[in-house]
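Below, chain A partners chain B and then partners chain C, in two separate complexes.
Then we have the complex of A and B:
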């Protein structure tokens, strides 16, 4: 965690920049103008529901599909006209796309052989990469003789052996079962740290995105909605879609106060309207269940607020306990998650429970 | 095993054996005949000899026809294979408009009555002033076998995932390298079987050939011509040789087919 933070401080140059890139098929706009900077050495995840345009973005970076408009820059130079085989990127395909008529070693050596590297170099590099992915003993096997996870690692080895500037991965873990998937997640993340290559990784699994990424780009319906660190995406969502997409969240309606233009009123009380949220109309407040705590009566710190909720339900989740409480005049239900020890055993249904939270954890979102 | 099962299996053996006999007995008889001398149009069973093989070796007309058939067959197969490969790969690597029409035109000569194909080609060649010769015969055979070769190439190519081609490009190979190292090796057995089949079609083609043949003739045409004067026994030797070579190739084809099935993931 601390290591990640100190690395953040170093300003990383951009490897790839998408500038106003769009894609349409006939009259169908599958990608609205997208601007995205991919930084050197980062693990960037593109996350979104099915059909949101994730693969389209990846294929445009790789050169498999030309963008309808906009520019794709590699370290500042436009590569729109560069053919696939001249781009310094390598792709791990969802179906692995291994060559069935070549052994594992031949598959991995393919990129180097095409580049006419000396035989000695190919041999040592292939051996080293197979070692990295733990497939040394499978070198002479054919892909049809491997398990799904092993094929996956061959595909990975085939991509990294070419030492590309960026590795593109299109849902590489989708076909694996849950357990293998988890171990491959760790393996991938670990590998990325070791070889310090930029990874652009596609998934539609939120947990996978949060646990693996340096940054996440959230897509929906061909729009790039928000780009940020997992913490930013989780605690500072900028739209309702992002707020709902990751884990549990409380979304509460909020109206501008009749008397003061920059004060919002919600079931939790009054909030100041941040400058970034402009316009009239109504808003949504997003606040995580774990951002609340039970108010013990001690003095409030700067920026903290309290309110009272009526306890409706208690769910024991192990280390944490989830409370359902009704708040405000409209008796809006909110969820609160507190460490199990803190909830105490003396809470009874119908009790009024005092809650405390920090205004900084409240996100004001445009509604709609 | 119950009695009924045993009975069924026995019956199957009998039926199978009978079918086999009907199919192959004539061929076996011909082979047998080729090794015995002939006396007054009767087989002389006491006289084993290789005489007919010797006579065959001296029959320059028959050998020339055989040689022509082989040359025409090889040329037609090679040309049809190259055309099919180029066209099928072109169709594979992108959305090509008019694919259905092109394929229809390729398949047409295969389903049209051969007489129509033959006459059309004859008229066309006369119009452009191309003399009838082995070249016109070869062109006719290409038109005919293209359907088979193209079909078999596309069937195999369709099972090749596009992502394999993309992966190859992604790893730095250009279109030609991708074709040579990724596509072609996986088409090997399909090409071998289609070549064998196409060669067999070309080898005994008579209807279209009939319209296109010039001074030099092919083996089937030569045999038709000999029918009028009656066969000489060296025909038996010829048939035996052709049969053995065919069997050899068929076995080769079957073996390569099995290998390709086992290799598939």
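Then we have the complex of A and C:
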């Protein structure tokens, strides 16, 4: 049986593959077996709460620490035994790790000088990279004379000048204030598009992950939970953890119907149990607030359903308005977000509001 | 209810009355600034003053004079001893720098508890009595000492050599051993201050271990190490006990020259002038050390 390759997979071969990689420190197992394919030229973000094992994965790819078991492949070749200084990857450290005794230009030239490149080549490449990160005028400064954002860009320049196959970035923006952080996000994304190098980027900020990544790998407690595009992760979470991690999903309990095995019952009504959600017991439904709309009485389309909620609260958020409604027998509270014009001014607390939603927007998750 | 509130309010005003605080503070300030001033500056000022006093027929006359300094700068033998001592201290400091760097580096590269055990061991001589250490060196370097016995046993020499005791070499060897721990500690600290992430970054950029040492570790630890070596030089300059006990009549140093003016010749003004010369040298060296250290910190 040969699975048809999608176009995406054809144009983007894997640059790095983790195959059953684990990591233990003494007896502490900090990384459960991880399989992860990193595609050539993509911006992959590893996202997860503190201590979930993000840095551990990055350090094993970079060669700073060996995996306890499993293999790391570079374009199909096992590199588990290749020492750090021979791996064609470069890292941008969270604390930048700039050499304090070298000027910006010397810092950037370091990787080329170590490889004994001709002086002429070093000069032109360093100048070009400094131009790319807008630091040409700071070339003769020392790192201690730079601002945080400038140091950040020196660290980036020092990594990209070596033309690595992959750039590893461990929370490079964590130390920057909100405004600088936003502009650096755009800068990084733009830079990645221009130089077409694979970026593996770590963050624990889900908004950052969504806005920057081609794909996101979500980690929790040493497990790789879900890998997918930001849209997939956002709209199609596969576990309760992912659903909770990405903003304000409504999570509703659902039980199999007593009479029909493939029907679930929830405060919203009845749902058909998707084939992917196997096993008995209870489930959780995840549905985003913006997936609801107020039912205007028009005819329902295929796969749409209606339920009624009692209005408890209204919060004006600007372009959207958030309604809190109680639904079902248990009076479960759900949040619904509608465009502000649509909510109408005639809603009063305690009103029964008809809500319309689409079965396709409901994610059935195993209850864990 | 009201009573509780007022009690709480009253509580906040409890404490030392304001008017008591300021004289108390003044006393504390006086102690903090005054005691070191009196204990360090007063002796310095007194021998600085002494160095400008005239002495005739073993009696200090009380007249001001530059004769004591003139005597030093015009006397060939005192200048010779002075520069000989500076050279000796320089050699001791250089040995402390080289050996100290190698030892510190090896200890620094170790991991786990052996590392701190070895560091503690190499610092242990610092808390040993100074005189005990000198006697230990004498028993090693002496005519019937360990070094001679060893060399004879291994057949390198067939009679005990007088090369190792009661001369400048002996002073140099003894001082180098005694002051080595003073070199090891600052060098180890200089190495320890290098962030681990810099070494990771260098390796990540393609540097092999030897290249990391030459391009990152050495340049970042050298200023602190040189400052440590200058510190060794300063204490070696002023040492008069080691030269006296292992140097014999040949191992005459500037420290002994000063000591003999106070203790034997009873020419205190001249001794004070020599001490001032030494002090100025030491201050210059400390200034140099802090300049190097500051440059290292700015990096």
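Everything below uses one rule, namely that the second predicted complex is superposed on the first by the 357 of 368 C-alpha atoms of A that agree within 3 Å, B and C clash if a C-alpha of one lies under 4 Å from a C-alpha of the other, contacts with A are read in each partner's own complex, and residues count from 1 in each chain.
Definition applied: a residue touches a chain if its C-beta (ideal position, glycine included) is under 8 Å from a C-beta of that chain, and two chains touch if they have at least 3 such contacts.
As the structure is a computational prediction, the values presented were derived from the model and not from experiment.
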{"item": "Side-by-side fit of chain B and chain C on chain A, or clash", "value": "clash"}
{"item": "Touching partner for A:115 - first (chain B), second (chain C), both, neither", "value": "both"}
{"item": "Touching partner for A:85 - first (chain B), second (chain C), both, neither", "value": "both"}
{"item": "Touched partner set for A:64, first chain B, second chain C, both or neither", "value": "both"}
{"item": "Which of chain B and chain C A:97 touches, first, second, both or neither", "value": "both"}
{"item": "Contact residues of chain A, present in both the chain B and the chain C interface", "value": "62, 64, 84-86, 89-91, 93, 95, 97-101, 110-111, 114-115, 142, 144, 158, 162"}
{"item": "Residues of chain B defined as touching chain A within the complex", "value": "161, 163-164, 166-174, 177, 181-182, 185-186, 263-265"}
{"item": "Residues of chain A that touch chain C when the two form their complex", "value": "62, 64, 84-86, 89-91, 93, 95, 97-101, 110-111, 114-115, 142, 144, 158, 162"}
{"item": "Chain A partner contacts - residues on chain C that touch it in the complex", "value": "195, 197-198, 200-208, 211, 215-216, 219-220, 298-299"}
{"item": "Contact set on chain A toward chain B in their complex", "value": "62, 64, 83-86, 89-91, 93-95, 97-101, 110-111, 114-115, 142-144, 158, 162"}
